[in-house]
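Some structures to go through are shown next.
Heads up, the next two complexes both have subunit A, just with different partners, subunit B and then subunit C.
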Partner chain A sequence: MKYKAIDQDDILVLQEIVGADFLIPKQELEEDYAHDELQTVHAWPDCLVQVKNKDQISQIMKYAYRMNIPVTVRGSGTGLVGGCVPIEGGILLDTSKMNRFVELDPINMTLRVEPGVLLMEIYEYVEKEGFFYAPDPGEKSATIGGNIATNAGGMRAMKYGVTRDWVRGLEVVLPNGELVSFGGKVVKNSSGYALKDLLIGSEGTLGIIVEATLKLIPLPKYSASMLIPFPNRIQAVSAVPKIITHHVLPTAVEFLEKESLRFSEEYLGKKIPHAQYDAYLLITYDGNTQSEIDYDIQRISELCVNTLGAIDVYLIDTDERKQSVWSARGAFLEAIKASTTQIDECDVVLPRSMISEYLDFTQQLSQSLQVRIPYFGHVGDGNLHIYFCKDDLEDQKWNELLTKGFEQMYQKAFELGGKVSGEHGIGYAKKSYLKEQVGPTQIQLMKGIKDTFDPTYILNPGKVIQ
Partner chain B sequence: MNIITCIKQVPGSSKVDVDPKTGVLIRDGSNVKMNPYDLYALETAYLIKEKYADTIVKTITMGPASAKKVLEESLYMGSDEAYLLSDRAFAGADVLATSYSISQMIRKLHPYDLIICGKQTTDGDTAQVGPEIAEFLGIPHVAYVTKIEEVQEDGILVRTSMEDHEEQLKISFPCLITVDKGTLVPRLPSFHRKQRFTGYSIQTFSLKDLEDKDPSHYGLEGSPTQVEEIFPPNKKRDSISIKGDKKTITNSLFEILKEKKYI
Partner chain C sequence: MKYKAIDQDDILVLQEIVGADFLIPKQELEEDYAHDELQTVHAWPDCLVQVKNKDQISQIMKYAYRMNIPVTVRGSGTGLVGGCVPIEGGILLDTSKMNRFVELDPINMTLRVEPGVLLMEIYEYVEKEGFFYAPDPGEKSATIGGNIATNAGGMRAMKYGVTRDWVRGLEVVLPNGELVSFGGKVVKNSSGYALKDLLIGSEGTLGIIVEATLKLIPLPKYSASMLIPFPNRIQAVSAVPKIITHHVLPTAVEFLEKESLRFSEEYLGKKIPHAQYDAYLLITYDGNTQSEIDYDIQRISELCVNTLGAIDVYLIDTDERKQSVWSARGAFLEAIKASTTQIDECDVVLPRSMISEYLDFTQQLSQSLQVRIPYFGHVGDGNLHIYFCKDDLEDQKWNELLTKGFEQMYQKAFELGGKVSGEHGIGYAKKSYLKEQVGPTQIQLMKGIKDTFDPTYILNPGKVIQ
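Entry: the complex of A and B
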């Protein structure tokens, strides 16, 4: 695609729309805006515009559409696949200042928010009113706009689903500047094609989310977790399906290993209780009465210790205890990053029954390539986060091993019925693997959709299928 | 070696509301937990037990029958025995009457070498109960212990953290320490231990079991502190805006923090 390069006239027009203080030209821009959290993809925009309302976005898009200027949307920049990196330059449209709570509707149990509201702000806002927004992606400083754009998942997905399940309606500015509303406050909707759901997870390539109506439920009053050590990974992972089918669905089932805990201990500078075992499950239950939770925990503890070979079951029931274990789990990504010089990650999702085999394969690959590959995962929903660590490898060798390793990792995942991404998206970094996974027919269908929404390909060019 | 650990059940959340009319704490009976500082007291005891095989850890608390829950928790964490001190006669006890009651109970659990308390509770926050128990028992005590350096034949070597310095002290048995967080990581309650304690009955002591049976020494009657009024804290927030260049802003901020004694 050929795009118009931004010149001084364009800058003046954009300044007119957002105000001079809210347009930052490339030369004055901090380097952070040229990459995302993982920093594997780098590209500079010609300018950053910080928008304050949907009207400004609409005006910007009308202009960009007319002038054929590429536009990439950015929230907090916490993505991991280069989704918010402006590959073709142009305008980087920052929605993080659009962070108003528009309406909490207690009757319909919905929350209308602007896209720049942070996930952690949503929790705080709704929980004090007794409501619950369940999606729980690890990165709490991500914006809701970014979460919707990637269909972010998180640890509670197995019980409560992913972001897509919690979005009732979207207001979107299309590439030509037109404002369109999809869905609404309704619980059911069987009216035509599910365009709202198509926009969720489209990674900023079809439209710009300018407002979202989220679904809420009453806040579960109680929750408790169990830290369950097993003699080895195979026993831990094989226990998961039995736990899930045994009783009520857990809220979250996480898999941890000694090595990841050690990284977290080093990174956080504090010890984690009972960190001496090789493999763990971290299982959470929530509910509305303490007795309900106590019952769930008792049943699963008995199952794990008496039948599934767990070494013990440790109870995590108070704020202090939750903090002592969950802070370690929450710090895994940062801890792994801090343990090496560079990382790249694989966010595959597999049928739960295939996880053990896949992790075996990963360990063998780590040995054969001589690359350190720590991992952790939401084993309850089959989503693994696997990190290749550069350590002291030279650049060329690292790139070689990474390409070779990733190729094999994805190939194996597809063989086992897995998908490229469970929750981080395709962005720029995983495009080739998506092509390989879905094949030409599906890519063609996706291209047809892209053509319909964005015929001139000005929105987030170079991403997902392009 | 015989260790007695003193623990308390406290509200599960620090966000306890006060009824603005009556001044009474609005307690959610089901939302309770072990005082977080007591977790460190227990961990200190368990680490000693792991090192010295013949150590027995007894855990005690004073409170209503429902406080047995934290005692059970201590058994699941590593205590060998647990005892509850509970009697209507103890209701309304202030720090002094509480300490006296507990010291009376500890006399019943004789012999002991070491008593370990958390440095304070998160509801009362006085940090006085531990030292007062020791005074009633007439034994030496050290507060704010951050580390047990060494357990010796006739006493322990401890490190204690005061505001502006640390001290290393040798204290002779029998003695009492209150412990601060230090570098300890409290262990979690274990399901195996829970199974092991199935059927274990926590013994309850009441006034009639104590040496001093005079009810006027306990509860509200035995408390020299009378609460005049409880009122919710003022949650109003003030903000000041400081304008000027970097230097002016920094200096003004420094002056304000200094004036308010934050630095």
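Entry: the complex of A and C
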């Protein structure tokens, strides 16, 4: 695609729309805006435009559409696949200042928000009113717009589903600047093709999310977590399906290993209780009576210790313990980053029955390539986060091993019925693996959809299927 | 669109694919195949083809694609908007003999089925293994293929979501005969555009579902229902949001009126207990401990009687009572049909806060038009089923009143934030209302999607957006 390069006339028009203070030209921009959290993809926009409302976005898109200027949307920039990196330059449209709570509707149990509201702000806002927004991606400073764009998953997906399941309606600005509304406050909808569901997970390539109507439920009144050490990874991972099908659905089942905990201890600079074992499951139950939770905890404790080979069961019941264990879990990505010079990530999702075999494969690959590959994961839902660490490898060697290693990782995942991405998306970094996974027919269907929504390819160019 | 009319050569080719016994030409076909359950749309296919596997479907589509012959898919024919009626003639592709259970995977908690498996067969199959498939559309003899094609909802949607939320993967034959696979056994997926979710609810216009991988969860061990009479409709309906937000999410909240119960009593030929009151809520809770359910029942009973004006609370606890009440609820549609000469249906879904206002409007409309308009509904999720009854009206008058009445019903629904269809789809009968609701831009986007999947418009022509 060939786009118009931004010149001074364009800058003046954009300044007119957003105000001079909210347009920052490339030469004055911080380097942060040229990459996302993982920093594997780098590119500078011609300018950053900080928008305050949907009307500004509509005006900008009308102009960009007419002038053929590429536009890439950015929220908090916490993505891991380069999805918000403006690889064709043009306008980087920053929605982080669109962070109003528009309406909490207690009767329809919906929350209307602008796209720049942060995930952690949503929890705080609704929980004090007795409501619950269940999706629980690890990065709480992500914007809800970014969560919707990637169909973010998180730790509670096995019980509560992913972001898509919690979005009832979307307002979207199309590439030509037109504002459209999909869905609404309704619980059911079978009125034509599922445009809302198609927009969710389309990573800013089909339209710009300018408002979302989220589903809420009454806040579960009680929850409890257990940290369960096992002698080794195989026993821990093999226990998961048995735990899940034995009784009721846990809220979350996370898998931790000694190595990840050690990174977290170093990174956080403090000890984590019971961190001496090789492998752990961290299991949470929630419910509306204490007796129900007690019953869940008791049944699963007995099962783990009596039948599944667990060493012990530690109840994470005091505030101090909760803080300690969950902050360790929350710090994994940062801790792994801090442990090395550079990382790249593989966010595969597999049928949960295949996790153990896949982690075996990963360990063998680590040995054969001589690359350190720590991982952690949502084993309950089959989604693993696996990190290749550069350590002291030279650039050329690192790139070679990374290419070779990733090809093998994804190939193995596809063989086992897995997908490229469970929750981080395709963005720029994983495009070739998506093509390999779904094949030319599905890529053609996706391109047809892109052509329909964005015929001149000005929205987030070069991403997902391009 | 101009299609090739089927001739004897085509018949021979199709017979070759499926066997002579499984092709029934128009002249030998029962009249049932010229309409669906509601019978508001009539059209004959040139032939009915009963397929037994995906390979036959692929061969048929390759031929139909080459020859430009329209193909309409039919399951049990229980639809209510003419979605499976072959309005351009051609091939009526009957998938009801593709009714194999392919695999129950207890570890990944998934069920793979062919599209012709009936909803009631799925419940029976999975519940005896301790699993639960939650979507609960009223028509249990519908096929799962039809449920997926319309994104069917049902009574448990407020707690468990709709069919889309329970489909992890789809195998689909595209109009050109190619077999593709979307999703799989994975719990999360953020790998390119959501083609699976787009296929769901596309009413057989984008591809033919040849296999589905459904999500299961452990079967809740206990459930209990209450029949709660109120002095009038307004009090009953107004109680719903308070019940829902007061405590935990009920599994289902159904609204019944004396009139519907009376139809059911007549239709079933037996008395329903406690049927003397004007308005009722039928509320269900489920869970995994008896104490939890007891607690739910007690809290909601107290709330209803002490605060919300309920007359009493009848626990539907014995098998006899369950059978009696649920068979009455299940018979509503049949009973309303039996009470008149002809009906047409409005399946609107509204924000649940708008139900009371909308039912007021419906009653006023019934009086002003002098048409009997009984209704019932899933008030918990805002989805109403409203029936215009012809009774002894003359055809011309009936058509006039129906057109006028439906226009007003949908117009009012849109004003209140409602949608054309909660769960029955658009099919042929509701196309004009969809256009009115979503406007030309969204219709154009949907047409672009149709062009991408089915460029020659041979699949279920004349439906949804055409």
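FYI, the second predicted complex is superposed on the first by the 466 of 466 C-alpha atoms of A that agree within 3 Å, B and C clash if a C-alpha of one lies under 4 Å from a C-alpha of the other, contacts with A are read in each partner's own complex, and residues count from 1 in each chain.
Note that in this section a residue touches a chain if its C-beta (ideal position, glycine included) is under 8 Å from a C-beta of that chain, and two chains touch if they have at least 3 such contacts.
Note that the structure is predicted; figures quoted are calculated from it, not measured.
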Touching A:272, do we find subunit B (first), subunit C (second), both, or neither? first
Using the superposition on chain A described above, determine whether A:227 touches subunit B (first), subunit C (second), both, or neither. first
Quick check for you: in the superposed arrangement, does A:186 touch first (subunit B), second (subunit C), both or neither? second
Going by the contact rule set out at the top, does A:47 touch subunit B (first), subunit C (second), both, or neither? neither
Considering only touches as defined above, state whether A:153 meets subunit B (first), subunit C (second), both or neither. second
According to the contact criterion defined above, which of subunit B and subunit C contacts more residues of subunit A? C
Looking at A:241, would you say it contacts subunit B, subunit C, both, or neither? Reply first, second, both or neither. second
Partner chain(s) touched by A:381 [first = subunit B, second = subunit C, both, neither]: second
Could you tell me which stretches of subunit A are touched by subunit B in one complex and by subunit C in the other? none
Contact footprint of subunit A on subunit B as seen in their complex: 12-13, 30, 33-34, 36, 39, 76, 183, 185-192, 194-195
Contacting residues of subunit A [partner subunit B, same complex]: 227, 270-274, 290, 301, 304-305, 312-321, 324-325
Listed in rising order, subunit C residues that touch subunit A in their complex are 105-110, 130, 150-153, 157-158, 161-162, 164-165, 174, 178, 180, 182, 184-195, 197-198, 200-202, 206, 217-218, 220, 241, 244-245, 247-249, 287-289, 291-292, 295-296, 347, 349-353, 378, 380-383, 417-426, 434, 437-439, 441-443, 445-446, 448-449, 451-453, 464-465
